[in-house]
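Inspection log for the structure reproduced underneath, given as structure tokens.
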């Protein structure tokens, strides 16, 4: 093999004073970045293999390790930067498509950070959320435009099925296969405890989790892994995944190495075989076909469960969403271009799709203009980082959000973006039993519940500041938002005024 | 000498100025007739005059006051005794919302019911212990943020289908004590509030205040005190100690 | 340039008052003026107004349009438009007198008119919806024209000024109605706009409102989807349209309407019996965007009764009293006692607990009138 031009991305600094050569880091690193140097007679590191997941750094009993960005730099060139050059080396050496994990990391504007919230002063009181009731309960599903009630106060109308959330934050789709059994269990446990929902992704539902059915959204994606009547029955709702924000327009591929016994059972495919998700659903080539699939699912589930349709936020997302609403979906999930994934071609991840903030505003506007907003709920996802992102998403017009990357981070993910290797040292995106063991599902669930609790308190604080005590009064209430440093066009699309106006 | 003032048609500023001026001239007793919505009666007086009000005084009765004694022969409106430091307010009728907001001392006796947020942020400091006694029922958020002092609710005139206190009772409570003549359903209590029976020392405090109240209101003390009371107090004087991440 | 109200949103505080004779006996506007004037301190002279029911018995079957015009041009254009769609029984200036504190009066007109039958049939609307459409077209389409009220046998009288001065301006002591509501406004802007004063009216519904809706943005969007154009940027407009939508269009019982506007808290709903819980859950799920959040007390008047409602955590004051056939509602008790010394009953309704008082003689027609007005296309 010829010499690689690639230099290490990171440098592992080992404090010789502190390191006592216990060798724990050697045992821990699934990327084999540490080894015992026979020549040196001590533990040393191979910088090239380090992915900067920081597992060894956190676990080192002597705090002897630091990982840093490698100081080696190319000659300064703002256009041909390090990444551009190294990407070419990689492709020239392998002839392959660049692969990565997690979401778009390009320097596109982050609109969340260019919007600020309102608060009450004098003309209406802010409400104190710690002591006065503050309601976050959210219903997702088709709402009739009106209710009929007889003179005795009896409800005559039939309510379509709804998802009932105690906090307007759900966990986004992550399959068993892409994530570990323990990570999956943590999400299910936390969703149940917090009164929200987790999403199976397209990897089926392991029978061990049937008890969590009331908090489960099962996904039907193009690969239809693990989809059968029993699967659909053990859910609160069914999601048809058309696309995802990290890689709009392309399918997926779970390598055979990740298909062990449990994944095999769950996905109902042979051990060791690749699990390939086609780019499109081959029963959906047009919008009327979507309707056909939606109603196939409704028929199968006796019209008792809302059907979600998840799409990536792309250029004409508003028109597509309108079509989805008219096709009979109860909930539309819109996944922005910051959305994460276990594996995506780098070029797609970084260059396809649009920001979720603009997509929410555009979809909400379009559905309202067409007078069909009540027919469908909007869930925004793709890079929701904190409670203020949540609240801004809802003010822009979303009914709720989904988080996935944030949930993984809460469990321990350090964003090394190597999920696709299956070697996750944190036990999250791996099927290696030794690595999976590292994630204690109870502890991970506790961390997730803590995160939701903290966010819900923060959301209540912000709501109370705006003088609102029920989350529905924030929905699409864009008067609560002002933009900073945005152009006329951006403000117009977001439907907000500039700060000071 | 009692100075009688006919308040009919008087602007509140003029009425209050009159009281202040007469008080400076040495008059201690006032009788205000035909009061109709004039605000801030009893505010801004440096001393302890006795004022009897006939009619309906306006909002902020005795707001920020420091020792005035006011008797209202009728009903009072919102914010009675707002941020009051000392004095006695006797209402021979009902009162509106936020009675005794942030009150630090003195007494407010209400014969009938009182509205929402009574005793909100009632506090106490050293020898100053404010007392609010409500003869009827109290609305929601009774004793919200309560940090000290005593609130007593008697429910003497409540109908069978009415409840003694509203929802969110004592939410945010972190000091002081409430005595309720009867039971309070647990769901009505804020999460910071503990419910208990009265100890001997509680009974002593309760009886002391009730005998005075019954005296003033012309009620049968024995009858009032004969029913079992519930004591409400804060679990913790720092209810939000664990709210923040680091 | 300072934007005028209607172009920007102006928060405002207020005083409200309402009086009704349950037997439908009419009384002079003096009483409501005496009541609202007690609460002088609650307004700042930048808006006052009254709604009166039963004042036009001679024209009780016609829509009584009260209009403000900024110019003769606006008047001419509106009148042509009106003539095209309505048969006008009478057009006249609303009588006023000079009051030193009331300035910059627009042209104030009233018209008693009925929809032209052929236009009504062509529109395929009932006469209420026909009239709503007309009102929206004038308010949004004709510059300088504003429909102040559009009900039958009722009218709204409002101006920039203290309410007692507004009452004097319109000579309300000479008017006789069986329901009166009044409003004193405390807007945060200057100089105030005549159209921005309360009551706000649509058809027979009038609203006086104290407080600011924190949910205005959500409510407005919800109404937009339901065909209402909120052109005035005031919260009160939202209240009137929400009531119209729920009560007239969705035909919901009035107590349910109130429970949509100020719903019970979830912990209360969770304690309800099963069927009731199902109802309230559905109401909140379906009408969540039409929940009025933030501080408010409102009096909604119709030709058949009064409704008083507080926000659900009672952030604004509201007192109700009764004596004989008379019913009184106000922001402060003193405003009631000023006109009714010894009421038989005085009470403070709980937050979110509506007080609904209907005229005795029309208890049944209250329900029926929704149908009486239907005109089949």
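Going by the order they are written in, the chains are A, B and C; count residues from 1 in each one.
Heads up, the rule we're going with is that a residue touches a chain if its C-beta (ideal position, glycine included) is under 8 Å from a C-beta of that chain, and two chains touch if they have at least 3 such contacts.
Just so it is clear, the structure is predicted and the values come from calculations on it, not from any experiment.
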**Fill in**
Max Cα-centre separation from chain C goes to chain A
**Item:** Leading chain pair when contacts are tallied as C-beta pairs
**Value:** A-C
**Asked** Using CA atom averages as chain centres, what separation in Å is found between chain A and chain C?
**Response** 47
**Prompt:** Which integer distance in Å separates the CA centroid of chain A from that of chain B?
**Reply:** 53
**Interchain centroid distance [CA atoms averaged], chain B/chain C, Å** = 36
**Item:** Multi-chain contact residues (two or more partners), chain A
**Value:** 132-133
**Prompt:** Which positions in chain B touch two or more other chains at once?
**Reply:** 141
**Message:** Could you pull out the residues of chain C that touch at least 2 other chains?
**Reply:** 265, 267, 313
**Residue ranges of chain B in contact with chain C within the complex** = 12, 35-37, 39, 55-59, 75, 77-78, 94, 96-97, 113, 115-116, 139-141, 166-167, 187
**Item:** Interface residues, chain A side, partner chain C - complex
**Value:** 120, 123-125, 127, 132-133, 135, 137, 139, 141, 143-151, 153-155, 157, 159, 162, 368, 371, 373-374, 466-470, 472-480
**Request:** Would you pull the chain B residues touching chain A in the complex into a rising list?
**Result:** 141, 144-145, 168, 171-172, 190, 240, 243, 245
**Message:** Could you list, by residue number, the parts of chain C that touch chain A in their complex?
**Reply:** 9, 11-13, 188, 211-219, 221, 224-226, 249-253, 255-256, 263, 265-267, 275-276, 278-279, 281-289, 291, 293-295, 312-313, 315, 367
**Item:** Of chain C, residues touching chain B in the complex
**Value:** 38-39, 41, 265, 267-268, 271, 313-314, 317, 319, 332-335, 337-338, 346, 348, 350-351
